[in-house]
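Next, two complexes with chain A in common: one pairs it with chain B, the other with chain C.
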Partner chain A sequence: MSAGDRDGDIGDLFAIAARELRTVVRTPAVVALSVVFGLTVVAVAAAGSGARGGYVPLVLDLVPFVEALVPLLAVALCYRAVLSDRESGELDVLRTFDVSRPAYVGGVYLGRGLALVFVVFGSLLAAGATVPVLSPPDPTFLALNEAADSPVAFLRFSVLAVLFALAVAAVALAVSAAARTARQAIALAVGLLVAFVVGVDAAAVAGLASGNLGIDAVPLVLAASPNGAFRSLVLGVAVETGGSTSPVAALAGLVGWVAVALAVAVLTAWRPVE
Partner chain B sequence: MALVTPETTRWVAAATALVFVLASVSFVVPASGSVSPVPFDDTVKTGGTSVDVRTAEVEGFEVPLAQVHFSRYRYIIGYYDVTTAAADVSTPESARQFGDPLAVFVTDYATVSPDIDDDGSLRTEHNRNPGWTKASEASFVVDSGARVPSGPIAVPFSDAGAARSFADAHGGEVVDWATLRDRAGDPLSSRLTAFESSVAAHHEWANQTTAASDALFDRPVSTVVGEDAPTVEAAVESAPANTTVYVPAGTYSVDAVELNRSITLLGAGSDTRLVGDGNGSVVHLRAEQSAVGNLSVSGVGEVGTRRVRASNESVDWDTRVELAYGRGDAGIVLDGANESAVRGVEIDTPASGIIARESADSVVDGVTVRGADNPSDGFMGVVLIGERSVVQDSTFLGGRDGVYTHRADGSVIRDNRMEDGRYGVHQMYTSDALVADNVVRGDRIGVVLMTRPVGNLVVGNDVRESDFGFMPAGSDTYVADNVFAGNDYGMDVSGDRQVYVRNVVAGNGVGVRGSSTFPTNVVVRNDIVGNDVRVESSLGPMRTWTAGGEGNYWGDLPLGDADGDGVYDRAYQPSGVVDAELGREPGALALSESPAVRALRHARDAVSGLRGSGVVDAAPRTEPVRPETLAALNATEETDD
Partner chain C sequence: MTDHEPTEPQTDEPTTMPNPESATTAETASDELTGETATVDADADTAAESSRPAIAATDLSHAFGDVRVLDGVSLSVAPGEIVALVGPNGSGKSTLLRFLARVRAPDEGSVAVGSEIGRARVGYLPQQPGFRAGFSAADTLEFYAQFVDEDVDVAGVLERVGLADAASRRVDALSGGMTRLLGLGRALVGDPAVVVLDEPASGLDPGMVERLFGIVSDLADAGVAVVLSSHNLGPVERTADRVVVLDGGRFVADDDPRAVVESAGAVDLQTAFGDLVATEEVTGR
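Up next is the complex of A and B:
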């Protein structure tokens, strides 16, 4: 592959990413969903007792909601991205420009991913900003226990939430590339959502109960689902309550989902003409 | 949308990537600061008794301290006692409230050559200040005979050799931190035992003091007013010491009756009426073992308080209060009259009833004081200043405060009835007093403790139809077996290290008001039922009102108790917007079972010490602690369904 090809690929990638961003902004349903997501996250901060105390309790308040809502948002953004291009014929038009599959899939992922990152990170930062507003000032006559709470924990949590969102988005993108009909896409997307949010954890519990799974293997099973990996990372790295298990497995799990899902998307976007 | 070009997308993507690279630096920055010892004054003190520390400051002996840095509490927790810290740090309650102990530091005596004096007090060579050491690396000498006023202490050393030589010199055993923790008993039960024995000791002292005053009313009659002397004043002038001046029934105009000898002024009952001239006080007791009994007093002056002139700035507030409250007009004044008694006297007064100044071991027994109709016009029923006394079986109607104490440490105020005044019992600068079995109706506050007292005992009182049932300040108060019913506010949980057990708080506007900043008070085994608002709490972090697996009774809640252990299966947050209505509004139950509320509840139960204010009971009871009392009050939760 020549240098010119690579420049061309990257140019294609950003052109497609720009197109995706425009599409997202012009889709009222997605904008509405993003607003609902942002409001929900801030409302949880306001409704819970965490934001009135510190960053760590706010993280713990937000974890279950982020775990359920971020995959929903990511799937909503991506589950038909490639499929709708294919169904509308835009994909065929794009192919006449000799766009490579990685450039196309990368562009779609980048464009949708950027939108997702703005919504997730922005909402979480807004929720985090309620802490200094809602918590009472510290009395000056007492020594502060600096080990107890820190905005660093919240920043870590936010970065992990973005990583989690990107992993689920990649999976949803793979669904949109692999599915041949809208019905297939929605069935696959909902199936994966249920598996991530409930299924893998429930299966792990069932495995423990039946004795087929040792407690030692639980971190690995959790690392195998984006939700489990995200949760392990938050508890183990962001708020440091989960003991001393190495975060490597969970991190590898998240990155692995991105890599595998994007590879599937590239391979299934279209069949290359020999 | 012309703005979103491939070129701008490049920039946006690059900027976003940069933001995340920068945000990811947070994984390199340590999230938790360093854990190192802080000055003890800067800690939140809990556990152990501050009485020891106050005494130590005066007498210069050592109190080994501990400070604990928890993973989930904003401040450092200080303990006045190493053993209490050992017992406390690993309980489920402290884990729930404060998180895991990251580090425990204890006073280190390894380099300051400690010694034990004849009283068992620990002293360092040349009064050198000890430093801090990590408890996990320290050695502790127990049973060495070293003690503080409240009991024996463990002495920590950073160096095992120093600990051994201390044990060799003074006896005792050297143990490590883990052993100390294993041996430590339940921190609450030992406190309760100490409080109960203090209550018993106070009652015993009051019984003995009262019994000793019986002799004052058995003195032979030497002088009968109207037979041996023309006036009451003349009779008390001439009567020999240790005799009785008898005043037959009748009305006697008196100016100022002064008992300057140990005599007893005894009437024939309420038909013996001493009537003052409406100026100043009527009867003065200025001698030890003097007494007044079986008569009525009226014609008291109207001056409740003689304020110190504001220009005199050398007078501190303490003295100012003492002068202001102790120098007004009263029916009977005890002035330096140790071991004196007032018994069976009825007093009508526009100012105070009885003022006892610096009169140790005096007894006010079976007295009735009728004060001003309007509390702000009148003054105190009984004022105790400066010494320990007994006030019992007396009735205080109207006026300002039923019993007012000022530096009357150790006093016993029991079995009295206060009605329609300002405060039933009002303590200022008074520690270690017993306020027991008093009945208060229609006051502004039933029992109020002000000015940071220590170690008061408030037990078995019954306050109703008042604005506030009970309001404490200070620390280490034992609040037990009281009934606060039908008031605007039942009881206040404020101050530090207070213990509230077995109180019935029923049918008040607000049951319990939590108004302390730090979560060091213990509130367990109370029945808090039928209040419009169960708990009002806005200051400080989330508090857990559970200890040793025991919580409070909040009424018949629509929660499960699958294992039938008498404790509902989930924690209950009486101050929470949803839980507050549980058992009253059917909607609250449905809302409380929603995934969102469940998720928040689950999260709430972690890291309480860092959360916003409120109260959680981790072990809410399914059955009341005092069912008979509740039944007598007819107190139940009202359900709107």
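Up next is the complex of A and C:
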């Protein structure tokens, strides 16, 4: 006997999230990609000089890898989530059960997002654990300012990486809801990845070089892409280098991407009948 | 002769839904005057309730680009009635069934289910039912059972569609016929009052076809309104209460199977169908 007593949209959302999580865990390709991501991050920590120098150097070592690999992982997890349900006809059937669009999209995002958080955060924590193992013992004849390099900085970086991953996942989910074919979804996802990883940075450089963009505007331009916002937050909040970063604008950028992307996913998942 | 009779009179035209507010007002006013008329009105309401169709589609029209697939068709199905929708490939049967299941909206027209427009659930079996790979048949129905208010006896549903022995089998390891039966089981989760089945017998062996139409007959006996499309006209002729032939976006016949056969001067529904539609005009939809 299966329990009834439906809890409305919230109950529907959690039911869908649970299935998404179970689906991710049972998908060999996603599991393999997650393992590769984890091994890569730990390998970068172990093989590079970052972990030997402390937590902050490790953060600086990992930033480019996280910027490139986290979007790949997030896109792989989400770019077909809604589309595959539509192709299999399950989306139509779910609609006959009066599941609302926000509950469906929210459930998919929650389930896949949880898997993403687990992989990204777990991998980065494993990488951070290499610091005490690989860094040389503190010299006893020097006074040290340990506040400049602490596990807290690395923890902040890991949390920011999770936020970054969730922002890209939301965008990938919007792609999967808006695309009508797998080919369309791949094209859109690749296009957005390229735009995020190099496009906005290249536009900022071009703007500066041509004089169309003032130096003060750079943080705002960077906040316009999830990658740029993540980098700004890492430099401004995790390692606190200061400089031309705007953490507030960057955080607003990430949150904005999540909000807009989820709104697009809700609006395009299906067209309401009534 | 069909295997069962619908529990309510058939109606070819959609029934106008009574306005609950005006009915209440009429009852109160009458009660104040005589104290007895209210009972009469209540009986009238009960009669109206019992004659209300389980589902009524009114003036549905739809086009894909320049191709008009439905042209102002109306269909009303009583509780316990089995309506078989037949027509050539691409005649718009699946499109009409999607509208009845309310997973798509027509360009024009409306669909009303029971007493609440746009709210009551319609069980739906798509033409090619798909399921999330990696889950068992029982897991799959358990998942959908979470979206209905009632407790769902998943094992009972699987038993009902003949999949009790496949409860723990992964859906991607089911045969095509078993996948379709699981799709039927999914449509029955929550005991909807209306079930829409798109080609439920497609790909099934003759034994399974008979079993499926037996399930359909049992559903109707329990008061469920069933609308199905099928090319298996033998079982349709034996089971359906009404056959609706769709061709060129319109209904070219809508009657009980025997009447359709007789009016076409044919020996069976298969022959009558051949006479009613130009089967060579396959539009490819």
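Here are a few things to note about the model shown:
Definition applied: the second predicted complex is superposed on the first by the 258 of 274 C-alpha atoms of A that agree within 3 Å, B and C clash if a C-alpha of one lies under 4 Å from a C-alpha of the other, contacts with A are read in each partner's own complex, and residues count from 1 in each chain.
What we mean here is this: a residue touches a chain if its C-beta (ideal position, glycine included) is under 8 Å from a C-beta of that chain, and two chains touch if they have at least 3 such contacts.
Just so it is clear, the structure is predicted and the values come from calculations on it, not from any experiment.
Superposition of the two structures on chain A shows chain C fitting alongside chain B with no clash.
After overlaying the two complexes on the shared chain, residue contacts for A:195 are found with neither chain B nor chain C. When both complexes are overlaid on chain A, the residue A:126 reaches neither chain B nor chain C.
Residue by residue along chain A, chain B and chain C are tallied for touches, and B comes out ahead. Working from the superposition on chain A, the chain A vertex angle toward chain B and chain C, CA centres, sits at 160° in steps of 10.
Applying the stated contact rule after C-alpha superposition, one finds that A:27 touches chain C and leaves chain B untouched. After overlaying the two complexes on the shared chain, residue contacts for A:252 are found with neither chain B nor chain C. Contact with chain B, but none with chain C, is seen for A:153 once the two complexes are overlaid on the shared chain. In the superposition on chain A, contact of A:208 is made with neither chain B nor chain C. Contacts of A:96 after superposition on the shared chain: chain C is touched, whereas chain B is not.
In the superposition on chain A, contact of A:15 is made with both chain B and chain C. Once both structures are fitted on chain A, no C-alpha atom of chain B lies closer than 8 Å to one of chain C. Chain A residues 11, 15, 22, 26 lie at the interface with chain B in one structure and with chain C in the other. For chain B in complex with chain A, the residues that touch the partner chain are 1, 4-10, 12-13, 16, 19-20, 23-24, 26-27, 29-35, 38-39, 42-44, 69-76, 99, 102, 517, 539, 541-542, 596, 599-600, 602-604, 606-607, 609-614.
Contact residues of chain A toward chain B in the complex are 11, 14-15, 17-18, 21-22, 25-26, 44, 47-54, 56-57, 60-61, 63-65, 110-111, 114, 117-118, 121, 134-136, 138-139, 141-150, 152-153, 155-156, 158-159, 162, 237-238, 240-241.
By the touch criterion given at the top, residues 1-6, 11-12, 15, 19, 22-23, 26-27, 85, 87-90, 92-99, 271-274 of chain A touch chain C in their complex. Every residue of chain C that touches chain A in the complex is listed here, in rising order: 98, 101-105, 117-119, 121-124, 126, 128-132, 134-135, 141-154, 186-187, 189-190.
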